[in-house]
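Below are two complexes that have chain A in common, paired first with chain B and then with chain C.
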Partner chain A sequence: MVVSRGRPGGPLARLAAGAEVPVFVARGLGAGDTEARLLGTSAVRVVASPRQATVLVVAGHVPPGMAEPLARVHDQIPPPRVTVWRTGAGAGALDAIRAAWPQATVVGPGDDVAATVVHAYREVLLGRRPTEQPRLADVEPAEWRGVGPYGQGGSGMTGGVPYGRPMAGRADDLRDGLSLDVVRVRMGPFLPAFPTGLVLAVTFAGDVVHAVEVDDLLTPGDGGLGAPLPDDAADSRGDPAARPVRIDGLERARCRHHLRWLARLLRLYGLEALGRRVALMAAAPVPEDIAHLRNLHRRLERAWVLGRVTAGVGVVTGDAAAQWGGVTARAAGLAVDARSGSPAYQALGFAPVTHEAGDGRDRWRQRLAEATQALELAGRAGDATVDDDHIEPAGQPAPADLAGALGTALTGQEWGDALATVASIDPVVHPGAGADRPARAEAAA
Partner chain B sequence: MSVTPAWAAVAGVAGAVGAGVYIAAVADRAVGATVAGERGRAGRALGGPFRAAALWLVQGRATTERPDARAWALAPALYLGLAAVAVSVVPLTRNVTAVDVDAGLVLFGAAQALAVIPVFPNGWSSNSMLPLIGAFRFIAEALSYEMPNLLALLSVSVPASSLALGDIVTSQHHLWNVVRIPLGLPLFLFAGAGLAFWGPVDLPDGADLGGGTQAETSGAHLLAWTTGRLAMLFAISAMGAAAFLGGWLGPVLPGAAWMIVKTVALLVVLVSSRHLVARVRPERYVVISWAVLIPLALVNVIVAAAVSL
Partner chain C sequence: MVALAAFGAAFTLLVATAALVLLGRWLAGPPGWAATAPERVPFAGGLPPDVHAWNRFHARYYVMALLFLTFDMEMVYMFPWAVVFRQEGAVAIGEIFVFISILALGILYAWRERSLGWS
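Up next is the complex of A and B:
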């Protein structure tokens, strides 16, 4: 139910049309640089909750499993609301979205998404475009199945499932022995700090994570919409048709990926303005930006509180770090990097950067150091190329047992720390939530 | 103790809170744009709060599944009301105070301590997970803010031998409390930011909870909630200026101008913290509060007593 107050086109709405546009970004698969572009636009404010947005921006491919969560996010935006969907130019991707979401504005990878967002926002506030109707019916998520005066139903105080949700159960406490009620909650897939497409079923005891399971919403199938955007720096493999791959392009993509990651992490710690600054740097880093990156690194190292709140959080070392591989392993001191074996990289004087502690702080230090190193390599690389076996993906690969690895990392942590851990590892989740990386399989095929 | 007509007191407090909220919103935007490296945004910062408020007023009110609608609607009004009570006891000049009571310090402290009453239902009433965690966080931590906040405030009453704010300002005639009791102001501001859950201590409404107690709030409700938080920051700044920076005391300029300058300076410091300092971890904050801040605040009271001898 929605109570509408202001009239689009009225004096209040005309004043509001000049406001910074509150945008909620729903990242699908292959969201590319959409979020970073919006973060880097001063006329736009990226918000943490759909309730505070007016424009919903959907980026990339939304598989069928994520369609209902996306509709739910859409309906949580208070009217007046509009949707802008940015998709890659896959076969019929634009037309399929227009058919399924007739109210949305669809843009391709080459269009200016920020300008489209601002335009759509003004149109709806000035009454030149209708506000979007809800996508889901306003009904109870599950029918009333409670029995008795308190509705608990079933047998015993906590036996029933009124409205389809179990009452809080009990479990031994992991922290201080005080046994608390446990509640199971699904987190994701559009939580802003979460990796794209990750859905965790978290069992909470108080605010402590008791257990986590990974839900897979990414399985491809009928009903998926949109196509991944071409600039998905997480894979940073470039055009599969163009082999071997130029190092300078690869390394610049790595720098972009790490900076986008950093912008999101800073926002998680409440540093929105600094996140915006980093997103601006992430737009198109060139080797001349190395000095700016070093400045940023010094500035963050001097930020005493940021160091304190990230140190010791989400420690992943030893065998666990080896299981993750990638950035997480290097942040724990393991010099595992596919580039080490490449003659082309060796000729550029490449040696993997590593850190020691394997905690949240060393992971942002690691990513920042790798971003700087990537720009240095890009500047020196000239037209050098690398073969497929020696491409190190910029994104953190998900291990075969993603659920187990996340469970080890998160169990027993307070929710804020658990989320910070997930955000700082930021695995690239693939269909099957842990199957081997399909990008590699495609490239080999 | 002079008696102010009720209408004048209400209009004065409303005007002061309105101006304070506007200045805080502008400062927030201006500092944010500077940290983000955006130049030439100052003009937009001045009009920005009005445009954002207009959007919130235009927005429809979306509701959740089975909310406690009455408690939800009451929460922001209550929070704003507490901020207004806190502002009302702070003297603008020697003769101008909206509510001139003998124990102004106690009334201010009471308004601060009651902040927990509106924050909890704001998170609880929406019947949603993340706001609920935010609400419980505040319950768990409110005492860790309130203790150093009240102890820091208490220290200024010792040299003045009074709980009346007029006496406290007058007692700083030779030396401001920020110099005489140096730990007081930082402790007061830090704990005060916690009670307004702002910046590094924005735990109930933090980004890790998707906005926490306000994650399900939109439209006019969000406007009221945001206004309440900024008003609370303004109340803390005004009290900080009166209790630690000598209030209306100062050369050349009239007393009211000094009070305004000092209040705005503290307000800018508080608002800027959001852009400069990362959010702390909830569990660590409680430990730091009880192991470091509260003992320091007790030492501060003893120091205040010693220098008053």
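Up next is the complex of A and C:
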């Protein structure tokens, strides 16, 4: 739905300028805590589609493959629109963005992104700042050729390529083998439910997922913009200066990561107030917050709707869970955790938390339990350190065959459940995630 | 004129609604922009659709639709019943309960057969 906020400077726009700011967050690589900060600000409402937004917030580094999708998301925000780009301070990143996106407001990691967003929104609605012009040319992907009795471009119901787009193909339905139309749609990379940079080519039969492929837009190269933000919720394995790694810092980062994930998930399920509360907790969790986390856990268990909509959705157990590893495996009862073998963690009395069902509900229970456990460990750890081999990443690592693992998890589900499954697994996607596709095609040939 | 007077309230409502809508439009002002081709594309995370949206799929909720029709028709039977049930008394009440019970058994059966799912 396109929301009209009136002519900039007009009476309706002046009223709207006092309302909460509808923001669409486009997460690039290394988006850091940008989304959590916005989720935790009461003057801002993070929306699910650019159609509902006025402010586009871009966070971190956007590789060249994601530049055009970003421009399309920008254009899909109905005017008046403004862009705020939050970037890390790497190698002239700010100047490069200012050169390529002259209309955008660029802020660094130290600036208050929420205040900038609110200010930019007020300025554009009050007519003190011009609305941003579209970034993509106003051309259809192909010319309209009005051939055929219904203008569909060819002869017959399924002939032709209207506006350069072929008609749907056909495939046998997974449920009863009826041969019906299937539609291939590429989802991502800026879908709010998706992890950063994930692009899925989903083949739909009706509203059910028929097949899934992974596309890769993350390959670095010329034309990328912005720099990753420093991320205090990432583990410090990539940083040789932070050796040996202190357990308390590592576990607090784990807690932040899980809470940010949970804030996004709650926002996705429409539980905005709870999501805001979690986002605020995720800012700087300290061991004294354990009681608050326990309270939150009880509250979520009592949130009947959340339990009901996540139970039995996206079940990943057994071999599939072992393939994923990490949080997804532990939510399915597999006690795989790199920390188990560490003498330092054993001295702290560490034992992996697990859940049994491996569904969406057990995955949020698992993450919340791990966040609580991480704070307990951080409180007991003192200045204990851990070696590289025994660092368990906070996020869900993507398996080698990401396309296969996602295909197993999503095929046959309705799209809403499939989205919820992707959001609840939330794999960390790396460049080259779709690179195994040619190899598999060769194997099949 | 006397015959038209009965519509006075409706006419007033029509004029008032139209005035409110026009006032709202005047307050909002002209949009001053037209959607570009990339803006018209449905939002799927930033990528354009590869395939045209015109496609056929199985309306798997047809069983649900048939059930809806059944209960819709039940209402049709209840209108004449509502006219006569005061004259007929307890007998009419009993009969309509038998009728609704049979339909309720039908919906319980459909529930058991998992016909109420969307896909």
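Everything below uses one rule, namely that the second predicted complex is superposed on the first by the 398 of 445 C-alpha atoms of A that agree within 3 Å, B and C clash if a C-alpha of one lies under 4 Å from a C-alpha of the other, contacts with A are read in each partner's own complex, and residues count from 1 in each chain.
Just so it is clear, contacts are C-beta pairs under 8 Å (C-beta built on N, C-alpha and C of every residue); 3 or more make two chains touch, one makes a residue touch a chain.
As the structure is a computational prediction, the values presented were derived from the model and not from experiment.
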item: Partner chain in contact with A:A99 - chain B first, chain C second, else both or neither; value: neither
item: Touching partner for A:D417 - first (chain B), second (chain C), both, neither; value: first
item: Chain B versus chain C as contact partner of A:A115, first or second or both or neither; value: neither
item: Chain B versus chain C as contact partner of A:E20, first or second or both or neither; value: first
item: Contacts of A:R72 with chain B and chain C, given as first, second, both or neither; value: second
item: Which of chain B and chain C A:V286 touches, first, second, both or neither; value: neither
item: Touched partner set for A:A347, first chain B, second chain C, both or neither; value: neither
item: First (chain B), second (chain C), both or neither touched by A:L271; value: first
item: Partner chain in contact with A:S42 - chain B first, chain C second, else both or neither; value: first
item: Residues of chain A that lie at the interface with chain B and also at the interface with chain C; value: 4, 6-7, 10, 12, 49, 51, 76, 78-79, 140-141, 163, 183, 185, 191, 206-207, 414
item: Contact set on chain B toward chain A in their complex; value: 31-38, 41, 44, 47-48, 50-52, 54-55, 57-63, 65, 129, 133, 136-137, 199-200, 202-203, 206-211, 214-220, 222, 274-275, 277-284
item: Contact set on chain A toward chain B in their complex; value: 1-8, 10, 12-13, 15-16, 18-20, 22, 42, 47-49, 51-52, 54, 76-80, 125, 140-141, 163, 183, 185, 191-193, 206-207, 266-274, 276-277, 280, 303, 305-306, 308-310, 313, 414-417, 419-420
item: Chain A - residues contacting chain C, complex; value: 4, 6-7, 10-12, 26, 49-51, 66, 68-73, 75-76, 78-79, 134, 136-141, 152, 161-163, 165-169, 173, 175, 178, 180-191, 194, 199, 205-208, 414
item: Contact set on chain C toward chain A in their complex; value: 27-33, 35-39, 41, 43-58, 60, 118-119
